Amino acid sequence: MVYLTRLEHFNAAHRLFNPEWSHEKNELVFGQCANENWHGHNYDLFVTIKGEPDKGTGFLMDVKKLSTIIKEQVTEKLDHKNLNLDVDFMKGQMCSTENLAVAIWNQLKTNLPGNIQLHSIKLYETARIYVEYFGE
Amino acid sequence: MVYLTRLEHFNAAHRLFNPEWSHEKNELVFGQCANENWHGHNYDLFVTIKGEPDKGTGFLMDVKKLSTIIKEQVTEKLDHKNLNLDVDFMKGQMCSTENLAVAIWNQLKTNLPGNIQLHSIKLYETARIYVEYFGE
Amino acid sequence: MVYLTRLEHFNAAHRLFNPEWSHEKNELVFGQCANENWHGHNYDLFVTIKGEPDKGTGFLMDVKKLSTIIKEQVTEKLDHKNLNLDVDFMKGQMCSTENLAVAIWNQLKTNLPGNIQLHSIKLYETARIYVEYFGE
Amino acid sequence: MVYLTRLEHFNAAHRLFNPEWSHEKNELVFGQCANENWHGHNYDLFVTIKGEPDKGTGFLMDVKKLSTIIKEQVTEKLDHKNLNLDVDFMKGQMCSTENLAVAIWNQLKTNLPGNIQLHSIKLYETARIYVEYFGE
Amino acid sequence: MVYLTRLEHFNAAHRLFNPEWSHEKNELVFGQCANENWHGHNYDLFVTIKGEPDKGTGFLMDVKKLSTIIKEQVTEKLDHKNLNLDVDFMKGQMCSTENLAVAIWNQLKTNLPGNIQLHSIKLYETARIYVEYFGE
Amino acid sequence: MVYLTRLEHFNAAHRLFNPEWSHEKNELVFGQCANENWHGHNYDLFVTIKGEPDKGTGFLMDVKKLSTIIKEQVTEKLDHKNLNLDVDFMKGQMCSTENLAVAIWNQLKTNLPGNIQLHSIKLYETARIYVEYFGE
């Protein structure tokens, strides 16, 4: 079994605030991340799949096809978007990196070829903060 | 003469649109960068100063003081902000990386110690795009 | 369960030598790392925690609080220090990256909130050498 | 138990084509990677070993010795080489990154000291594509 | 005047050998870089242009258009190619990074919009070696 | 004219303190950088030379020879050393990155082949601080 990872990028705006809380509590908990005018990030997304390489190609999966699936299912829906307002699969959720990583897992899980297992999502919000999700 | 560079970061939302143009022309020219719900970036800012090192310290300038000036004059006004809405020194300007680099130069130019010259601003919008300005 | 990682930095001097060995044996085993006048590194420290995100915030843990704990328990005690002479939790141990990673784990293990598990310490000594410890 | 990782580099030419297939099928499956005049990469190789640090040195293994073994068993046989033509341990295999990672594992597995376990091979083909192998 | 830089990538095979020299002299001068079976690299190409930002857009140049020009004039002719055999604008030249940087300059110099000046080509052969050319 | 840059590394301990000043003034000016037990860094050194490529090789200079000169004249004298105590060409100077960059320039200036000009020294003390010197 080998593991293959592809890095993709997207840039997005977001805001952390809980609509069930008061303005004051949002400020207290999220600080400047609650800015009502939004802020944003360059996200780095590492998608790792696993399985056995094909004898004929030597590939676990053609990395260009993996890239196309990630773009169609994930990054085209996130890139140059507002995570709180524009993304159907984030509706009703806090736009934390934790929740975004899990939502990206769910977008990809059912859209890979049958012989390929999704292993992990690794999502950098900044160069110093990242979240991983393994579907556990 | 030596050159000293300090890297600082900020995360911000922005949008590219010219209020004097129609919605259609903005879409045509700026594409997804015109998204009315904003998008955002992790910006990397390299500030370079030049001059002669002090004999007593061996420093051109204490890099912690340089960092403090950059934070007070620039990054605290940009970090976790909306460049179009929240930043006084970007008011009335297109929020391109080009204009932002020039505006950051102007913020710093008059706020450095007398023996220090500002040499350049280098501003990364993404890992693959950056703008430099030398005050020329 | 999600995994959240925070990167922190510290710069320190150290030296590899075993006080129970002769000068010659130390030279033979550690080479220039045994230099009696010390050498040093910029260390990159990745701390990974795991658990379930909070429903209200979407956070596993506020990454600023995680950063504060790492600074108070670890990096303020190591940054701009001599690992052999200045650090109470390295006393009596060889200052290898292996031992330092384990010692950092022990510093953090008992200082995290109750719902958070420490998952791993990843410590870069140089861009080409790193050690990981999972508490096993 | 601690994990120690060493990064090494090599530059090589390769080509993806299956000699049992027609020229057309190779073009269809591998596209420009099948270029009969070859192309190439700067490969980054991360080798991770695991075990218990030695009491006397604090080391899992002297990282210079690990580097020497990787060079002798792997990178000297790959660096500035053609993976399809020049490398005995890739003969008869597709030169995919997946197969190369497994072959590197096999080169190292039996050439480490007795108390050291090989944990993983992580091989970057480009900054955006890498393969991992854990010997499973 | 502002400077705008775009990073593009390409992967290629090459070989250093002078056809006017003996096999022995090529081996002596170029060592393993003369390997008759080729080797290769992931090249990082930084293209810097300069001029005045447009009032209407705030752009020196739409970076997507710059990227398209670089791809059409340069990287599509180099990516997954053999620099010695497949590239018309390198014919009859030694395939050193120095000569390649100058050739890329010549490809781009006459293919930029009239108000844009090409400022520099910066070409990384490996993470530790790069060449710059300013058209001087 | 082309510019060729080579990156080399060294790890060293140092301390900032002026022996003509009191302990208190050193503490006040240099803070934790004055720690009497030293601290240290992984330094990244970029050496840039310029000139015309040779017709026969396509090289400005064989980068391996450049690397050898840098090692012999600079990094072997700095790597795993104490900059204040072990380095003859830093004797009597404050061990700031500014002074170290100038000293490295002086070490290299007179040790390059006659047709090669030294263009610049770029010295990273940390990933966020660097100094450049052009011999002006």
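By written order: A, B, C, D, E and F. Residues from 1 in each chain.
As a working rule, a residue touches a chain if its C-beta (ideal position, glycine included) is under 8 Å from a C-beta of that chain, and two chains touch if they have at least 3 such contacts.
Keep in mind it's a predicted model, so treat the numbers as computed, not measured.
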Where subunit E and subunit F overlap in contact partners, by chain label: B
Chains touching both subunit B and subunit C: A, F
Contact-richer chain pair (by C-beta pairs counted) among D-E and C-D: D-E
Most distant chain from subunit B by Cα centroid: D
Counterpart interface for E-F, drawn from A-B, A-D or D-E and sharing over half of its contact pairs: A-D
Type of subunit A:subunit D copy interface by residue overlap (half), same or different: different
Gap in Å, rounded to a whole number, between the CA centres of subunit E and subunit C: 42
Centroid distance [mean C-alpha coordinates] between subunit E and subunit A, Å: 34
Length of the line joining the C-alpha centres of subunit A and subunit C, rounded to whole Å: 29
Residues of subunit D touching at least two other chains: 127
Chain-chain contacts as defined at top: A-B, A-C, A-D, B-E, B-F, C-D, C-F, D-E, E-F
Subunit E contact footprint on subunit D (complex, rising order): 9, 11-14, 32-33, 35, 37-42, 79-82, 85-86, 126-127
Touching residues on subunit A, where the partner in the complex is subunit C: 16, 18, 20-21, 29-31, 93-99, 101-102, 127-134, 136
Touching residues (chain side subunit D, partner subunit C) in the complex: 1-8, 48, 53, 56-60, 62-64
